[in-house]
């Protein structure tokens, strides 16, 4: 199940969480720690260099590391042991200072934090690309009318742009929330055996500051081995990202149904075929987006459920933060990637959209008509007449306005123009356009000069 | 299971989510809507007043409403129907303008948002009180030494203040995150039938602004019937709050074990007894805190799982946002309330804490001793000697320093003063105090003049 | 949020979990306990009668009970206290024997078990009714052809009966699994203070047997205060039930889309309207079925997550078994009830179904055609020709068989009869009918003479 | 994160879910399908042999397969494509009959089912070994007295055997429930393109039967591409298994606290050390058991949440059944393995257990004493005296019986013998022994001659 996990991931994000990436991040911590301690004169001069060189050249076998880690209960112990053995060969005098004054969770948590920061960069890049893709489509489809659908039933028309603007609006919130959660989690974990950095004496602050600076992280008032809420928040936000994209996947796949056929994923060799039916074109991008939306919330929930950890370091909780967050990032990355594929290659069928509006025979304008008739005839008569009119329109071949205008009681009070006004597609598109424009405006403001909307 | 649900809630928060509170919030929306529309001349002059008067005087039976709501699939339809009937009596001319241009989810979502804002205020008040309580204890226990415990095993000493500072630090993040999530969710939901406010024509923006202002909410670029991520984020943050408090409950209950006996919940009549054993003093506050930590993450996860909603309004998802969030707020409120009870009445046994440190016979200083011996004897010998020394200390009656100093190889290189330095409790407390002070400082800065730390 | 919770429940199931029902179940335990102890001569003769009389006549205020329960951490303590005070008035000599040798969790867990057994009876009755409704529809729609849909794309035709048979098949497994989980959980909880029934000495077994018999429960080898796996399994099975019904709701709501329009929920006053659009007919039953499918798995998961409880009685876990299971039963009951409404009133549009098959222009028969052409022309040519044919059929107005038979290469090797055989709707219905018949046969066997299939 | 996942798994179970194992299981399906079709004369004579030979000799690169699978949305399509290409070389005439009449989910689901059956065998073997280990300990510790602990507070004594019997009792239920869920899921998935096996005509049943027989599976009345409840149930039971083991891990880790020190995980090189503190002995087995208990319920919940799948094959749901179940099995296998390590090497400290009972100064006998005093002095006086007595005993140095017998009011009515009877440790052990014996008896009956209890 190791390579085949790749069926649900895309290579770039997978690489950021590979065995190599993890080991490298852990070694980077050990190197930076020694350098910071050297710089602050906690360890002898030159030792920092020796250890960081060793960290750069050591080769660690992930499979063997995993076996020892299972016994030890943490990746840190066998990694530090291997590093010490290697340093003992390379620079014997440096060996006692490997991992000096640090604890397992210092290296595990901080390495995880560094992996997260890189992964977030990639998610952000892809999300912005996706947002630009949506904005481009919005620009193109301001006047592409389609049915809105509430509770899976048709409602008054919108533009396709308006629908896309709803997606872009939540994507924008997501980009911001993900950045905020990531920034809040860009913190060093460094506390030593019991969390107080006691072995660093009055140099604790200086070493923390130097170490954080080398890793591009912030320092915090107190170590947080027992309080991983920052990571729980980040996990939750990744799950929200997957949910937001799952909504896009849900909508596209519904629009791509044979009977709806308004929007389609791009077609390409090897995409969405069937092993049994040559004609099939399955919505594979949507599948990936929905897959992540089904799985991510549960994974994130595990993180939140583990917050009630015991004392200064919990047992069984948070040792699994690495695999849980790796899975969350890989799922999220896969979903965004699938969304970019879908959106950038999206095919739209405006005629079919128009035809579906038409085939409702005007009943989707019932709200506007109701307002009109209520004003003219009072609410009681209005309700009765519209209800009868809708039934008749749906059963027969005439539109609701036609049916209603044929009733003398209405004919006497409502002009053709008034009825046309109440059922004007153009008015509906105007209303939609106004909101969509606000969303795109906000996106432009958010993106600044980097925006890449094709017009 | 209606009244008895009260066994897991405290009355003030329960009241904020009562049937009455919900109905009142919905009517408040309808009143404000009519007033905003009146003000913007969307409906005839005076109608806003009539409808808002009706909203203030109508009496709605929640049980009957629920029965109709189950049939209708939403609370809004029977509520609007009842309001229309009432207005028809009170002010017939106003009746057509009840709920004008709005849709069910406008009133449901906006009422929920308003309920949330009030509930968040109460959570915040209680969390700040809890934080002040913690800060007060930190002040008092800067030099109260206790064992740290990692993976449920003893580690080098900390102060009780340092432990509390860890709690306060995460509480502070929580207060901020909850405020941010609440502020992000302080938004009007108003889109009408299809979300575009088409029936309001070019007055859509003006009415939205006026309506939002009347309800103390913000407007948004586009309606969000299909994108409830703001509420999912808030739900997740409530779950994180419960997790953070669950951690406090976990720690207190572990410290309150008979064999540990370092910290105790307050004692009071009716608290934590047993129906079988007269001697029992059960940690009831911790029970509530842990209960919420077990339940809240799952409830929040439902919200995130429902994000992949269909089109302009999903089916089966988000109709349940009200009960889910109500449960989350009630659980969170109950947990905070229990935490305040526990913290404000907490009893500490510093002597027992000290005794536990002593009974480890110095092995918990093994990190410091190791640093010392490695410097003096090299890592290989140091490891062997310490390992033997720990075993001997734990098996016998001498402390680890005594055992080690009796070994000639060590005696020759290590002075009593050096060994004392490596195992100094005072040094450990200093390190802890420095971090704890930073946390309290941050809390003071966060609280400003409102801080209520008893010194 | 107490009455309004009713918007997601139906009255019969709600009543089974009312405050009154819970208090009655707890008093029933206390009564049966005293009678069993009297019968086994653990307490003086006649005391059992006195206590059971008191249990039958005492009136307990749930709101007051809840307040005390929150302080005590369990409903049992204030309930036993109230009962003792009442017995002290009614029969002073009996007072010392109230709740004799029992612990809080004995009465809480056993009362919960009894409530569950009753609730399961009702679920079962409703599920069987639903199954009969499905079997009735299967009988009527053996030859009603419709598209199958895989990954939301059209595939080779099935019968509507076959689709229903898939639902019935999983419902049948559900009925059995629910019965098994319920039977496994039909057990007495009785262990006294520490779980060993030590205060009953050598009468422990006899009292357990008598008590279980009076409550219609089984005895177990050892008390299970710390091991609630039976309830976790039951919770999980309720969640699976909701998932199974959610699938029905999902399918019906998709078939009820305006563009699909093959199946409809029944129409009735007050059902599925819209507060904005008079024409709307929302799938309210499906909404309830999906609502439960979204919420139940999370609730059930809380129960499973709480299994890792501490020692002989966990803290914060399982004290919430009552509200969690009550919510699960109410959601499940509501979903089944909605499903019965939907299925018994389901309206089918066979013509539309047929029309959708036709409008695929034969491409949904691609599997059968492929088998034919592969045999005749080899796989390479077959794949190319079918792929071109499908594209042409979908783009134009001819069917896939017509397109293909117009190609000389095919014309030369494939007769009209062979092509007709490969695309025979009747053959597809035969295949479907055979499986559907097996399912109905299994249902009949399961139901025995009680089956109520309308033919 | 591929090799390093191994830090949370043990090799034997990991191997059962390796890329190779998965591909082999899929090829085994294709081979058995061709052979069954050959045997039933659905395909030409000899083709079955050719295809099965090809399945035995083909080599498939999992990394490449994964890349294609991501595009295709399923492992089946690239695997079948590769197999066809290979067969085209090896036996051109057989090529058209590869995967004949089957659909992607037929091979994916059935292969998963086969993987599950093998994995369940291993879990069962390990669980039985664990059960025997517990039974052995029970045998040895019938009279090893220890405190019971409810809500993390001390209660009346039990034997260690009784505690273990509680674990064994739930383990036994688990073994049975897992076997039942596995047996219910030992079913063939075989339906072809639309689920009806239409391409097999009247040979559908025969081929299904032959195919199932070759794979050691059962046939079912109807294919279940849209109804994966059997797998959801299995996933839930795996989560319950992890919960049950998590409870053992929780208890052991609590007993292994420094201040409790009653029970210890075995000690071995490389187990549970600390990177900072040489003296640490961390409960690593418990860590693994708790890790799984935190993660498994969420993973299982995803499966249940995915039940509401669309139509004949859902989108985004159940395509992930393989990774979800693989993770669940690996976590469960790791947890059982850790439990076996812990239990088979468990070290017990009976003296410390006895000392803890003693240090409660008799207050844990308060239930028995209460029964005695209530009989002698009535409930009112009894409650007052015991309450005072407990406080005095806990505060001072005398035991509760001594304190009470010093009160004249009690001295006059209660003999030393009566008090001794009410506080007899031996009586407590008798009660515990009786229950524990029943559990072991049930285990022996369950295990039959295979039981391996060391006495």
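Chains here go by letter, A, B, C and D, matching the order in which they are written, and residues are numbered from 1 within each.
Going forward, a contact is a pair of C-beta atoms (placed from the backbone, for glycine too) under 8 Å apart; a residue touches a chain by one contact, two chains touch by 3 or more.
These numbers were taken from a predicted model, which means no experiment stands behind them.
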So which chains are sitting against chain A and chain B at once? C, D
Give the chain pair, either A-D or C-D, that is connected by more C-beta contacts. C-D
Dist(centroid_CA(chain A), centroid_CA(chain D)) in Å evaluates to 33
At what distance in angstrom does the C-alpha mean of chain D lie from that of chain C? 24
Mark out which residues of chain B touch at least two other chains, giving numbers and ranges. 73, 101, 103, 149-152, 155-156, 192-193, 246, 249, 253-254, 272, 274, 276-277, 282-283, 287, 290, 293-294, 298, 301, 305-306, 315, 367
Using the touch definition up top, name the residues of chain C that touch chain B in the complex. 1-11, 17-19, 22, 62-63, 65-77, 80, 99, 101-104, 107, 192-193, 246, 249, 253, 268, 270-277, 282-284, 286-291, 293-295, 298-299, 301-302, 305-306, 315-317, 319-320, 322-324, 326, 330, 334
Which bits of chain C are touching chain D when the two form their complex? 73, 84, 95-96, 100-101, 103, 148-152, 155-158, 162-163, 165-167, 169-170, 173-174, 177, 180, 184, 192-201, 204-205, 220-227, 229-230, 232-233, 236-237, 239-240, 243-244, 246-247, 249-251, 254, 290, 293-294, 296-298, 300-301, 304-315, 367-368, 371, 374-375, 378-379, 427-428, 430-432, 434-436, 438-439, 441-442
Which residues of chain B touch chain D in the complex? 147, 149-156, 253-254, 256-260, 272, 274, 276-283, 287, 305, 356, 360, 363-364, 366-367, 370, 383, 386-387, 390, 394, 400
